[in-house]
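Should a chain be cited, it is by its letter among A, B, C and D, assigned in written order, with residues numbered from 1 in that chain.
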Amino acid sequence: MDSTIKHIGVFTSGGDSPGMNAALYAITKTAEVNGINVSGFRKGYEGLIDGDLVQLKSHELQKLTQKGGTILKTARSKRFLELEGRKKALQTLNVNKIDALIAIGGDGTFKGLLAFSEICDIPFIGIPGTIDNDISGTDYTLGFDSAVNTAIENIDKIRDTAESHNRVFIVEVMGRDSGYIGIHSGLMVGADAILIPESGTDFINLLGKVKNYDSEDAFLIVVSEGDEIGADLVSSKIKEVNPNVDLRITKLGHIQRGGNPSALDRMLGIRLGVEAVKSLLQSKKNVMIGILNNQLHLTPFNEVVKQHQVNKELHELLELFGT
Amino acid sequence: MDSTIKHIGVFTSGGDSPGMNAALYAITKTAEVNGINVSGFRKGYEGLIDGDLVQLKSHELQKLTQKGGTILKTARSKRFLELEGRKKALQTLNVNKIDALIAIGGDGTFKGLLAFSEICDIPFIGIPGTIDNDISGTDYTLGFDSAVNTAIENIDKIRDTAESHNRVFIVEVMGRDSGYIGIHSGLMVGADAILIPESGTDFINLLGKVKNYDSEDAFLIVVSEGDEIGADLVSSKIKEVNPNVDLRITKLGHIQRGGNPSALDRMLGIRLGVEAVKSLLQSKKNVMIGILNNQLHLTPFNEVVKQHQVNKELHELLELFGT
Amino acid sequence: MDSTIKHIGVFTSGGDSPGMNAALYAITKTAEVNGINVSGFRKGYEGLIDGDLVQLKSHELQKLTQKGGTILKTARSKRFLELEGRKKALQTLNVNKIDALIAIGGDGTFKGLLAFSEICDIPFIGIPGTIDNDISGTDYTLGFDSAVNTAIENIDKIRDTAESHNRVFIVEVMGRDSGYIGIHSGLMVGADAILIPESGTDFINLLGKVKNYDSEDAFLIVVSEGDEIGADLVSSKIKEVNPNVDLRITKLGHIQRGGNPSALDRMLGIRLGVEAVKSLLQSKKNVMIGILNNQLHLTPFNEVVKQHQVNKELHELLELFGT
Amino acid sequence: MDSTIKHIGVFTSGGDSPGMNAALYAITKTAEVNGINVSGFRKGYEGLIDGDLVQLKSHELQKLTQKGGTILKTARSKRFLELEGRKKALQTLNVNKIDALIAIGGDGTFKGLLAFSEICDIPFIGIPGTIDNDISGTDYTLGFDSAVNTAIENIDKIRDTAESHNRVFIVEVMGRDSGYIGIHSGLMVGADAILIPESGTDFINLLGKVKNYDSEDAFLIVVSEGDEIGADLVSSKIKEVNPNVDLRITKLGHIQRGGNPSALDRMLGIRLGVEAVKSLLQSKKNVMIGILNNQLHLTPFNEVVKQHQVNKELHELLELFGT
C-alpha cells in the first residue's frame, strides 16, 4: 500500500453525466477511511489552472448520490490545451500539495491527463463519464444507463400520442456520432424502425415500409443525431415517398443528459470511485478504471480510444427488430 | 331522471390528452349503474361517420385510468365539416339507436357538436380535453396538469446540466398560442426568465440580463412556442447582444402530450365523466361540463370560447419572477 | 403599503410536505423585491426558541423549488407549548429585529401562533402545509397533491403484480384520521373497493364481493390508515369470510411524504408565499392564506380548524366506484 | 438450423418481474421471422395443464415492452408437482402440436421443466426472471434492475423527510433470503447502515452508531427482509440501546415487483428472448439462457442453482459504506 498519498485532487471534465456525484462520494469516503484528504477542483481543468478548489467531505456527499450533473461543475478548457495552462495547473498541485489526481470525464479528459503527465509525475487515475458510452476499456460509461432510461420513459409517452392518432413519429436521441443510445432505446420501446450512424444511411427498408403506411396504427421511428442522419433528414426522405403522411418530430435533446442517476449508474460510480482510490494505494498510475465483462479493469490512458460499441449481437438485433 | 336514455355514444376528438381514459371509465361506470349501455366511436367524428364503434365495459376501463392517450383513438375530421359527413354520422346514430352523445375534446369539438345539433336532436354533452387549458367555462382542462408535470420533471433534468456547465438554457414548452403551460412551468422550476405570448415580445429585460451574464451560474429561460416567440427567436436575439454566450436549446415537444395522467387529471376525468352522465339523466343537453371555482359547472356550447387563462394574478407572478 | 416591515422571519413546522421550499422561495423573492430581508428559523419553533436562524436568499432558493422536504428542517416543539418557551422565542425575535413572522405548517402550527400572539404583537401569517389536506379555509394544503401522485404511481405498480397473479391486494395509504388521500387515490387507480374513516367501518359490501371472489382477475382495495380501519383489519375481516384467498398487503408509508413536489404543489407554494408577504405589506395579521374556490383567501387563525374535506360529491363517488 | 420446429409454446411462471413482456415480444418476433408460430400458455404451468393458451403476435407485443408484470399471467402450480399434472400438460402439448417450450421464471420453474423432461422430450429453454437476482448462470435476472430502481427512487423520497426531521429511518427492501437488493439499494442512496442476511446478524456497529446518535442529521438504514433480519427486528434492537430515538419504519413491499421495466431489464428481456429462439434453432435443449460477464451463456437446467450473488467486491463495499 502506497502510504505516501495524503491528499488527492479530483475533478469532473467534459460533458456532465449522471453518476458523477456518486463517484465523488465513493472516492472521498474511500480516501477518508485511508486517512487521505480530498480536494475537488471546480469546472474541470479550469479549476486546476485557477486553483479553484474545495475540500470534499463524504458526510456531505453521501446525500448527493441521487443528484444528476456534477456538484464540482465541469467545463471544456482551451487553456489546458496549451503548455502554459498545464504549467499553471502543475503549480496549483504543488501549492496545494496534491499527491494524486482523479479525473472523471471522456476520452478528451484522459488525453489531457496524458499530456499533463509529461510535466507532472504524480499518479493520475481516470473514470469514464459520458452518456455516449463510446470509450474503450469499459462496457459502461457513467451516465449511459441514465440517459437511456430517460429516453425510453419519454418515448413511451410519445407512443401514447402516436397510437391515439395513428401517426408516424420520429424521435431523435443523443449520441454524437455513436448509435449506442439510439439502438438501445429503439429496441426498448418496440420501435418500428431504428436508424443509427453505424448502420449507414441506407433508408430503403424504412422508405418501403412508410410508402405503404396505411395509418391503421402508430409508426415509431427512433433515430440517432448525427451529420448524415437525424430526424430532419429522415423526415424529408419520408415526405418524398409519402407526401401526405401525418408525421411528427421530437428531438429529446438535453433532457437525456441530466436527471437523477439510475441504479446502474449510481453503482457504477461507487465501484469505479472506490477502485480509483484503491488503485492509487496500489501505486497504479495513468490508467482508466472500467468495468469489462462485469469485472473491474484498468486500461492505460494511451490505450483508451473513442470506440463504437455497436457489436455483432447489436447489429443482429438491429436487423431483426429495427429495419 | 330521464329514463328514455338507454344507449350513450362517446368519442374523443382533437388532440389526445392524459385523463381521457379515466373519463371514459367514469362515463361507462355511471351509465352501467343506471342501466345504460355505452358505445365508443373510434377516431373522433370519423368513427361517427363510418359507424366504427365498440361496446365499452367499465370492468375493462377500470384498469386503464392510468393510461395516457385515448383508447378510442382520436382524429381531426374534415368530412364532418361538411353537411354530407354530418348526415352520415346521424345515420350511424340512428342505426345504432344512440340516445345521447358525449364528446371529449377542445373548442373545435364543441363547435362540431353545435353544427351537428342542427340536424340531430339527441342531447350532446361535452368534456373539455386539451393540454393547453385554453377553454372558457372550466379552470382546468383534461391533460393540462399532466403536461405541466411532464414539463417540469424534464426541465429539472435540464437544470442539472445547466448548473454543471453554468450555461444559458432555453427550454421551449407547448401551448399553441397560449402561454399557460409556459408561465406555470417557468414559475415551478425557478426559471430566470419566462416568455409567453400574452406578455408580448418585449425582450428588453431579458436581453439586459443576458448581456451582462457572467457565466457564474446557470441561466434558465422557459419560453412558449408560438409565431412571434419560441426558442429559436429568443436564441437569435440573445446572440445579437452576447455573441459568445454558451447557449443550448431544448424543445420539449410531444412528450408533454402523452404519459400517465397526473392525480389531478385522473380525478378531473372521473368528476367530469360522472357529471356528464348525470347531466344527461337530468335532461341537460348541448352543454360542456367544467370545474369552475372547484365546483361542477355547465356552459352551453355556444358560450364556450377559446380563452387565454393568464389572469391578473399570473401576470403579476410573471412580472415578479420571470422578467 | 406597510413600510415598517424590514425583516421577516419564516419557519416550517409540523410534518414536512412537498412544496414548502417553493413557498420559501416565493416569500424570499417577494420580500427582496420590496426591500425586506428574510431570515429562516431552523427546526420550526425550536429554532425560534434557540435563535437558530439563517439568512435566506432568493437566488439560492430558486434552484430548490423542485426539492421535497424543507431546507429549514422542521420539528414538533414541546417547549413552545410552555409560556417559558414562547418568551424565549419573543426574545429571539427582538434580538434579531424581526418585524413579522410567516409560518408554514398544519393546524397545530397556527394554534401555536395564536398562543404566541398573546405576548408578541408583530404580525403573523400562516401557510397551510400538510399532506393530509385536513385544514379549513383552503381547498388544497401544500403537499397533498404530491402525496396522492406518489400514492397512485406506486399503486399502479402494484396493479401490474396484482393482475399478473389474479390476486387480492390491500394498499394502505396515509391520512391520519382523514380519508382524503384514500378516496382520491382509490378513485384514481380504479380500485375495486375504497375504505376511508369517514364512511364508517361497514364492511358488508366489500366482504360480499370478496367472499365470491373467483381469482379470475385482480381485486384491488385501497384503504386509509386509522384506528378502526387500516390494511391489517381489512385483511383479517376478509380472511374470515374467504380463508383461502391469495391476499397481499402493502402499506405505502412515508414515501408519500417526500419526493419532488408536483406541479400543483409548486404553484401552490408560490401563490401562497407571494400572498403571505403581500398580506403583511397590507397590514394583515394572524391569518392563514389559502386557496378557496381557486381564489386566494384569508382565514383568521382562530377560525382555522381541522376539517374533513370529504364532501357530498366525494361521498357519491365513493358509493359509485368504491363499494 | 433445426427446421423441425414449427410451433413454440411459452409461459411465465413463479413471481412476475418487469421485463417478462419484453422477452415475450423478442421470442415472438424472432420466431415469426423464422416462420414459427408462438402460443402463450396462461398462468404458468396451470395453463399447460388446462390447455389455456393464446396465439402471440409480435405486432401486438411490440407495444408492451414497457409494461410491467406479465400479460400471460403467472402462478405457482401445485398440480404440476404431481405426475398426474405433468401428464395432462404433455397431452396439451401433443394436442396443440407444440414442438418446443420456453419458460420464463425462477429456479423452481426450471426444476419443473427438469421433472417434465422425464416424460416429454421436446426441447425446453429457460429464461431467468425474478427480482431477487439469486440464480446461478447469469449476472442479472429479469426484474432485478427495475426493482432496485423502484427501491432507490422511493428511498430518495424518504430521505427528504428523514433530513427534514433529523430522524432515524429504517427502510426494508425485498429479496427473500438474498441481500442483493438490500446492498445495492443501500449503497445507491448513501445509507448510513446496510443490513443484509449474508452479513449475519451482528448489529454491534450499527448499535454503537445509533446509541450516540445526536439527532443533528438524518440516519438512514436500509435492511433486507428475512427471518433473522428485517425492519422490525432492527427497530427493537435500536430502541433497546436508545429508547428515545425518533425512529420511523417503511417496508417498501410489493411496489418493488411491478412497474415499467427499466432500460436494462427491457434489453435483457430482448437479448434473452432472441437467444432462446436461436438456441432452439441450433437444437439446444434443457438449458437456461443467461448473461455472464456481459456475454450470452447457456447453463443446463440441472446445474442451475439458487445462488447468493453477494461476492467479495460487494462485501468490501458493504464494510466500507454500510457498517
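We adopt the following convention: a contact is a pair of C-beta atoms (placed from the backbone, for glycine too) under 8 Å apart; a residue touches a chain by one contact, two chains touch by 3 or more.
For reference, the UniProt names are A, B, C, D = 6-phosphofructokinase.
All of these numbers come straight from a predicted model, not from anything done at the bench.
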Chains in simultaneous contact with chain C (6-phosphofructokinase) and chain D (6-phosphofructokinase): none
Longest centre-to-centre distance from chain D (6-phosphofructokinase), chain (CA-based): B
Intercentroid distance (Cα basis), chain B (6-phosphofructokinase) paired with chain A (6-phosphofructokinase), Å: 36
Interchain centroid distance [CA atoms averaged], chain A (6-phosphofructokinase)/chain D (6-phosphofructokinase), Å: 28
Averaged-CA centre spacing for the pair chain D (6-phosphofructokinase) and chain B (6-phosphofructokinase), given as whole angstrom: 39
Multi-chain contact sites of chain D (6-phosphofructokinase), meaning residues that touch two or more partners: 156, 159, 163
Touching chain combinations (by label order): A-B, A-D, B-C, C-D
Chain A (6-phosphofructokinase) residues within the chain D (6-phosphofructokinase) interface of the complex: 22, 25-26, 29-30, 33, 59, 61-66, 139, 145, 148-149, 152-153, 156, 159, 163, 184-185, 187-190, 192, 260, 262-264, 266-267, 270-271, 274, 292-296, 313, 316-317, 320-321
In the complex, chain B (6-phosphofructokinase) residues that touch chain A (6-phosphofructokinase): 12, 16, 18, 43, 67-70, 73-75, 150, 154, 156-161, 163-166, 169, 248-255, 257-259
